[in-house]
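When the chains are written out, they are named A, B, C, D and E in that same order, and each has its own residue count from 1.
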């Protein structure tokens, strides 16, 4: 029963204060939905959670120990899917997907299973250069499915996805939570997850428990 | 009372047939919503409408004359906002917006008015490098508002936008239609426009009138 | 205000904002030339002998390095297809971009050249001729380079492919330009060389914009 | 299968499939060298004299051209931050990328060199020494280049900036490497030069991966 | 006329009929040319037997120039009249031309060793041929640097046309910069200046090379057309699915 939490986090980007005094806490089996207007700081918070940036104030901790203490350990716990889909145009869809799967060497599903779940297995051999926006997005989402990581950090995962795929994604996330995983998702369109706490960011960021 | 229409359009991309026998027709004051699963061909059709690609079969015509006959003329009629937001990180928000406005030299609103409408006037002087996903998206949407073009071609315009901005965008489009403009919009989330015909693309593309 | 001037100012602003390109082109130029004394040894008269050639070759390579980006940025962020759709004629857009590229790379090269003449102790009497050759030659580099830069858009291999395409095409420029110096030293004046360079310049001015524009249309289709 | 080999095969596949392909690097190398006779004129003995230096400088520039893309692609499409987050140590990732870069650029350069020795009619007796100098020197170029390639992430117009950062650092390599040839010709053997090159190689092997990894961490933060 | 042959099926029929004749003519010319060249042609008083290299070198060099010209012409046709066949012809010509150029370079430098005492000199013609070789390489590299075949075709067509300026430079380089290399002594306004006993085998070999080129061209074009047809079939299937 792991716990991932942050207390009064401050973050400054480009000489401007993005987050101040934000806090959150997340238990396994639960989801944290980040809402807020554009520029509220959702992506920033997710990057902080991933350990890509250090907060200028406050601390982010896993089971009470600051994630900065052992980054390698934290990296094994998380998977991060950001605005930028790390999809190589020159590689085929399956090559893209299986690379990250093998690199993480986690207990998640295999690359081809993930392609199946996201409904692009028929494109497996296609160079990613030929993908449409939503197809690219699905390829980058494969990373979460294959990683086997405990904490999924998803930045607007349903962007560019059609209704069916969004639904499939929701189911997958539910499954991940049911198996004791946890996730933090930034989104503008409510995905209707059960067991989800919502943290609304904005000029005055509140605290969600 | 202009009319923009296409008859049994075929299109092949990367060795694969994307559109076959698709048709549409659009009168001023009306909107055409393109729906369809990922990879159905929405973006492709919009690029064809913009004249960026030529259909391999069929024709796309404005008031009966093929748009390929006078590309320059067609360029003056349309504005295209695609998946790729042509936002230069090195330029400030207002510089980005006003460049396209001045280049089009159209009868649309001024760049700063457009920033106001989309609620990013407070970021005008910020280098676009520092923008969040949604903020970038808004900057690229400014192009449509400032162009003064008669036909707006918008590819998933509400991507990454928060609720308020999506609403503001809807209002703006309504206004554009009311003033005799027309628009073709690809989207997965219904924007709830009045006077909108829907063309659903897919393995078997239908015809909308 | 006219679309041309709008476009021109934007290009210029981008070129200058993006971390002072021109400064870097000069710096590369200078460093590359300076490498030679290290590479081939410092005898003054030998340096004087190879000076003009080395300087020209390095100018060419420096221009080459900055060439790949001429359209790449606009291509990747979607600006290029919008420029194709803009009311301005694409050939004109190309000319403007080339002009800016020359202003931000060619001109700095020319300004830096005299310094290098001193370093490679090039005989004074051929300085003016070499400067003229640079003045006539560097625009040709930008022009021919623009064709290559447009052709490689969307290609699997960028910069090096570009060099493979462009270098063979610019060799005549190199011959006449670097030859101008010797022509002066060996009596027969460099008029012929400079005339030829001028001819090449006019020729490429007349032809390349169309080729480049066509290549761009293909790229965004 | 081990993460290292996964990474290695991916890098190799990418290198061969998209970025500066080895064939291209050779082509650029050869063409760049070929430019010099055009520039400085064709006298054989003069070419022989400057040959080693020219060849080394061009090898350096060729490596440079392909260097820019070492991390840029991964940075722009977000792969780099994911590699930082991956369980594999970033220093290891860097080493793999450098190794692949050397395999796809350095090795081809070495293979192409003899051809150029012929063209610049470099005296046969110094061929082996020059090849050794390339064998020891080119990995250093890839290693030092990786630091530069990581430092320029984010800065636009990387190519030229990169050269700026790297060229000064590799000047020693150039001096010893190109000097090796003369050392042989002028009696005193090239052992010293090659030893020094080897030393530089070991030194940069020990230091650069950490510097590069750190630069990358800064870039993605 | 062009449009008449444009039709692939008609072209296939025609080329199938022509190819054997080309092949036969080539063999005859090669046989005769080689015999005359190697045995019955006079030995050069200063060059000795090395002069016989000429019978390979010169035709190869001519073909190198000819192929690029042919490529440029078909590229232009392909660009302007959107001629599928012309494009295929350009694609098929490139490797052949590159091969001839390489042959000219190799035989040339083989000849250079005895004549000039070195494999390679920086002589205008030699280097311009080298540049030509690079142009061929560039064309082929650009051609297959794209995933969409069409893109590569059009891009490389533009490149060929731009690069065509080089051909006259090669042809006349020797007259412009006086160099080690022979000035044109066969293909000139004032008529040839070398001995007829050398001229006949030279022309026979040249003819043989030409025929060889055309034969290979037709074969390659036919293969390419086959490939295109297969691709077209795949499209229809993709549409059907």
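Criterion: contacts are C-beta pairs under 8 Å (C-beta built on N, C-alpha and C of every residue); 3 or more make two chains touch, one makes a residue touch a chain.
Keep in mind it's a predicted model, so treat the numbers as computed, not measured.
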Chain located farthest away, centre of chain E as origin (C-alpha): A
Centroid-based (C-alpha) most distant chain relative to chain D: B
Distance from chain D to chain A - Cα centre to Cα centre, in angstrom: 38
Averaged-CA centre spacing for the pair chain D and chain C, given as whole angstrom: 24
Whole-Å separation of chain centres (CA-atom averages), chain A against chain E: 58
Centre-to-centre distance between chain E and chain C (centres being mean Cα positions), rounded to whole Å: 32
Where chain B touches two or more other chains, by residue: 13-14, 16, 83, 90
Chain D residues counted as touching two or more neighbouring chains: 17-18, 24, 27, 31, 38, 41, 156
Of all residues in chain E, the ones touching two or more other chains: 134, 137-138, 141, 147
Residues of chain B defined as touching chain C within the complex: 50-54, 72, 75-76, 78, 80, 82-88, 90-91, 95, 99-100, 102-105, 143
Chain E-touching residues of chain C, taken from the complex the two chains share: 144, 147, 151-152, 154-157, 161, 164-165, 167-169, 171-172, 207-208, 211, 214-215, 218-219
Residue numbers on chain E that touch chain D, as the complex places them: 118-123, 127, 130, 134, 137-138, 141
Parts of chain C lying in touch with chain B, wherever the complex brings them together: 1, 3, 6-7, 10, 13-14, 17-18, 73-74, 76-79, 81-82, 84-89, 220-221
Contact footprint of chain D on chain C as seen in their complex: 18-19, 21, 24-25, 27-28, 31-32, 35-36, 38-41, 46, 49-50, 52-54, 56-57, 60-62, 65-66, 68-69, 73, 156-161, 163-164, 167-168, 171, 174-175, 178, 182
